[in-house]
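Next up, some structures in structure tokens.
Presented sequentially are two complexes of subunit A, the first with subunit B as partner and the second with subunit C.
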Partner chain A sequence: MLGLEKKDFRLLLIVVALTMLAPFILNPFPEGSDMAQFNAGYPDLMQRFVIFGILAIGFNILFGLTGYLSFGHAAFLGVGSYAAVWMFKLLSMNVIPAILLSVVIAGVFALIIGYVSLRRSGIYFSILTLAFAQMSYALAYSVLTPLTGGETGLQPKPGDPRILDGALAPGETATPGFFGLFDMRDSLELSVGSWVFTFNAGYYFAAVLMIVAFYVSIRIFRSPFGMMLRAIKSNQTRMSYTGLNARPYTLAAFVISGMYAGLAGGLLVSMDPQAGAERMFWTASGEIVLMTILGGAGTLIGPVLGAGFIKYFENIVSKINKTTLEGWFYWLPDGLEDFVITLIYPFVGKGWHLTLGLLFMLVVIFLPGGLVQGGQKIAAAFKRKKPDDAKRSATEPAE
Partner chain B sequence: MDQIILQILNGLDKGSAYALIALGLTLIFGTLGVVNFAHGALFMMGAFVAVTVSKVLTLSHKVVDESRTDFLGNPLQVDVPYLYDWFGQSAGDAIIDWAVPISIIVAIPIMVAIGFIMERGLIKYFYKRPHADQILVTFGLAIVMQEIIKYFYGANPIPTPAPSAFTGSFDFGVAFGFDPNAIIYPYWRLVYFFFSIFVIGAVFAFLQFTTFGMVVRAGMADRETVGLLGINIDKRFTVMFGIAAAVAGLAGVMYVPINPPNYHMGMDFLVLSFVVVVVGGMGSLPGAVAAGFLLGILESFASMSAVINLLPGINQIIIYLVAIIILLTRPRGLMGRKGVMEE
Partner chain C sequence: MGILEVKGINKRFGGLQALGDVNLSVTENTTHAIIGPNGAGKSTLLNVLVGKLIPDSGSVMFDGQSVLGRKPHEINQMGISRVFQTPEIFTDLSVLENVMIPCFAKRDGAFRMHAIESVFAEKGIRAQAEAILDDVNMLEKQNMIASSLSRGDKRRLEMAMCLVQDPRLLLLDEPTAGMARADTENTINLLKEIREKRGITMAIIEHDMNVVFSLAERITVLAQGTPLVEDIPDNIKGHPKVREAYLGEAQV
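Take a look at the complex of A and B:
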């Protein structure tokens, strides 16, 4: 179906089902209950799941297939965000032109940066991309302030020309929409018993785009082009001895993954129309790498899982505070309760980065294939049979 | 002319920090072949050793001072450092004043120990893994280290002064025959520069003039052959990891009075130090040192107002720009060795 093998099509169907039913799946606990804080079914977080999913899918096309570890991918996210905000400012609050422009601009950026950076491989490539991203960050903060808004960031303001919509009156605000049919912030709430499910237009818009992005990535993975990219990862020297020039392929992969990042940037801005330079900082790039590795680089579904996992952690674990912990462990004897809380407290709330760092180390040490490999190992333990997929998904970067 | 000398001097202290961190990174890379993204965190740990030492030295207990009263008329309670009890007031003050230099003595064993634990506990298992895995696991470790520091010391920078003997500034203007006050340079930065030169010299001398260093150099050139000669090269490389950690830690200790340390100072330096290593050439120790000073000085030249007026924003990007140009024209960096990290 749709030019996919049966297995891939099934995977796509699962992803479609999961994203479409996400408001239900992510809200398993009734409103007002103790566990309600673990619900992730609110629009802001769900949007982030799919948007960072797109970002990680794109990064995976570069890192998972070719093994080139880009440490500056956040630059494309930032550039895409700025491009989309400019479209809101100049044209209209319609998201389609904004997203198109952010994809195109990020693609052009990726073409330039990739053309230069891909002359080197291995760690030199990582440092070059890092250098470009840090340069974009520094410039966006300082010299390019007229274009980027500098420290305050860029957002639509009254007085912007907005050729199609007309300028905003002072005090009036506008939210990005889809041809005036719906607004990105439109939400429908459904109450079933004590459960409240929120269906957000922006989420579904981003989710559809993520499904398209996922489909495209499956097609790339299974295409001869994807095979070439894998060949680059496994042995670039041998590939060039057979008379193939690797660079056009890697450049194409770099540009494609840059465009994915641009799309994610455009979507981020569509949900919340403001862009800032901190989106391009190198820790943001590190986070993208983290998502992909955590989920499983080189696998289809891994990056989406990783992105969802990290964003969930960021939002849920960082919200846990001392009172919440006391609520959980009230049944323990007093001394033990205090002890347990002191033990756990550094890892939650403001300390969630610590948990993230530890988790990240554990994954890299014990599960280089990420969550997907972990799942396969568990599945294999049940089936008592080594999955043949495990070999294919193991990653080795290009040297 | 005085402007040029001033900028060179300004670049020296940052350049020294870059050079020291890059030296450690190169040592680790050249010996163990591991890309250590946690090296900036080691620098930061060193800085916090200094903070801790100065806190420990000022540990005090309350003493009721009968001669003074607080605003309620009760006898005033005064904090008296334990050092006063032990050594008397003037000696105690002197020790507290010299907290940062004293930290050096404390920092060396601590940093070497941290290095050993890191190498034996984690890095050892990553020799055979791809560089991407090494980068990622040490990146994770760096996050963990800085979060631990953040948990204990908070997110705000902690000012820790230099000994009062070094608080003033040296007037190079007079020394070089320019106008007085034309070139003013804080003493501590001079100290930092000479200290880093001393550390760098010590590391080079250690590698060049001791048998241990000779074996390490041989191991850097051809690990397998050295191993075949019956030398336990892994053990020596572990020691080198400890030394590299100590170098980064010392750079951090001495940097405390220049910039109050906070938990993410390591990350800020790490990215630039990596660029420095790559510019100097992976695996080349002199290259790392030269590139460190070079980039530090270039950075301070780029922040001259005349240059900024000409090319706005150049001070922010100069290091990266130089790195890109050098990597594209000289793939091995300034002094990169043949056969190290080549495609």
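Take a look at the complex of A and C:
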């Protein structure tokens, strides 16, 4: 189907189902209950899931296939964001031209950075991309202030020409939309009993683009081009003694993944029309690397899982504070309650990075193939141990 | 006039003259062995031929075209394939994919972006790859990951990857180095078969005299970066200069 092998098509269907039903899946707890804070089904977070999913899918085309570890991918995200905001300012609040421009500009930017960086491989390549990204950050933050808004960032303002929409009136704010049919902030709420599900236009717009991006990445993975990229990762000496020039292949992969990042950047500002330089900072680049490795570099679905995982932590675990913990453990004897809370507190709220770091260590040490490998192991364990159920319960905690 | 003409090659590494005025002519449709004691410059010469090293002076002509200054992948596209001392294969890929890649390289050149069509939709390429795997008796192993192959199979796979491109000259860098007796015999037989069936010109660098004398039709002896003699195997065997160069290092 759609030119995919059966297995890949099934994976695509699963991704489609999960993204389309996300407002239900991510809101399993009724409103007002103790567990409601674990609900992730609000528009802002759902948008981030799919947008960073796109970013990680693109990064995986470079890192997962060729093994070239770019440490400056956030630069393309940032460039894409600025390009889209400029489109909002100059043309109209329609997201389509904005996103197109983000992809094109990020692609051109990736071509330049890739052309220089790909002269080296391994650690030198990573350092070169890191240097370029930090230079871009510094430029956006100070020197290029007229273009980027510097410290305050870039956003649509009254006085922008907006050739198609006409200038904004003072005090009026604009939300990006899709040909005037819907705004990215439009939401529909559905109440079932004490559950509330939110269907957000922006989320579905981004989700459709993520599905397309995912589909394209499957095609690339299974194409002769994708096979060449894996060959580059495997053995560059044999590659060149087979009459193949590795440079254009790696450069093409670099540009494609830069364009994915540009798309993600354009989508980010489509949801919230302001771009800042911090989006290009090296920690943002590091986060992309973490997402991909955590989920499983080189696998199709891994990066999406990794992106979802990290964004969930960033938004949900970070919100657990001392009062929440007290609410959970009030039933314990006084002394013990304090003890348990003191023990857990450093790992939640502002300490969420600590939990994420520990999880990352566990994954890298025990599951070098990322969360995907974890899933495969569990699936394999279930298949193998079905005949003797007694053993399963004994071994499962180890997973 | 040979298919490969090497004239007056010099290569220095600092104070060491690795190659001094090397001339070599490989005639089309022969197996030409290059032998010599350790440090004679055999590997340096091979690296010059494939574009990995650039000589200080001299010329290397392949089929009337200069090889010097071209990159390894360009030289390969001219029709020169190389087999390495330790097999260089795509270890993370399956055996079939390993052979499909040179098929693509042969058909599409150094770079072409087939990013949308599926690998498995390429029926012609696949048939070609399967045919060559059948030739080297590895068809039943086509779905194995290359890194899990035995050493002998890796060598065979590498050979298949070179052969599928129909090279006009096959360079072999100690193809039996570190092999057990049985594997060495197998490799000799494989090379003989290739030579007879496909008529590919071969240049072999080899230490093992048994291998050299069972395969070569002409032999060049290198010592200290300079060719001593070039002749047919029978004349090389008892040659006094050759004995002197080896000083009993190997039985010639």
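Everything below uses one rule, namely that the second predicted complex is superposed on the first by the 384 of 399 C-alpha atoms of A that agree within 3 Å, B and C clash if a C-alpha of one lies under 4 Å from a C-alpha of the other, contacts with A are read in each partner's own complex, and residues count from 1 in each chain.
Note that contacts are C-beta pairs under 8 Å (C-beta built on N, C-alpha and C of every residue); 3 or more make two chains touch, one makes a residue touch a chain.
As the structure is a prediction and not an experimental result, all values here were calculated from the model.
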Touched partner set for A:238, first subunit B, second subunit C, both or neither: second
Which superposed partner A:13 touches (first subunit B, second subunit C, both, neither): neither
Subunit B versus subunit C as contact partner of A:220, first or second or both or neither: second
First, second, both or neither for A:190, with subunit B first and subunit C second: neither
Which of subunit B and subunit C A:332 touches, first, second, both or neither: neither
Subunit B versus subunit C as contact partner of A:122, first or second or both or neither: first
Partner chain in contact with A:249 - subunit B first, subunit C second, else both or neither: second
Contacts of A:228 with subunit B and subunit C, given as first, second, both or neither: second
In the superposition, subunit B vs subunit C on subunit A residues touched: B
In the complex, subunit B residues that touch subunit A: 35, 122, 125, 129-133, 135-137, 139-144, 147-148, 150-151, 267, 271, 274-275, 278, 282, 312-313, 316-317, 320-321, 323-324, 327-328, 331, 341, 343
Touching residues on subunit C, where the partner in the complex is subunit A: 50, 71-74, 76-77, 81-82, 84, 88-93, 97, 100-102, 104-106, 109-111, 113-122, 161, 165
Residues of subunit A defined as touching subunit B within the complex: 67, 69, 116, 119-124, 126-128, 130-132, 134-135, 138-139, 141-144, 236, 282-283, 286, 289-290, 293, 346, 351, 353-354, 356-358, 360-361, 364-365, 368, 395-397, 399
Subunit A residues within the subunit C interface of the complex: 3-5, 219-220, 222-228, 230-231, 233-235, 237-245, 248-249, 252, 256
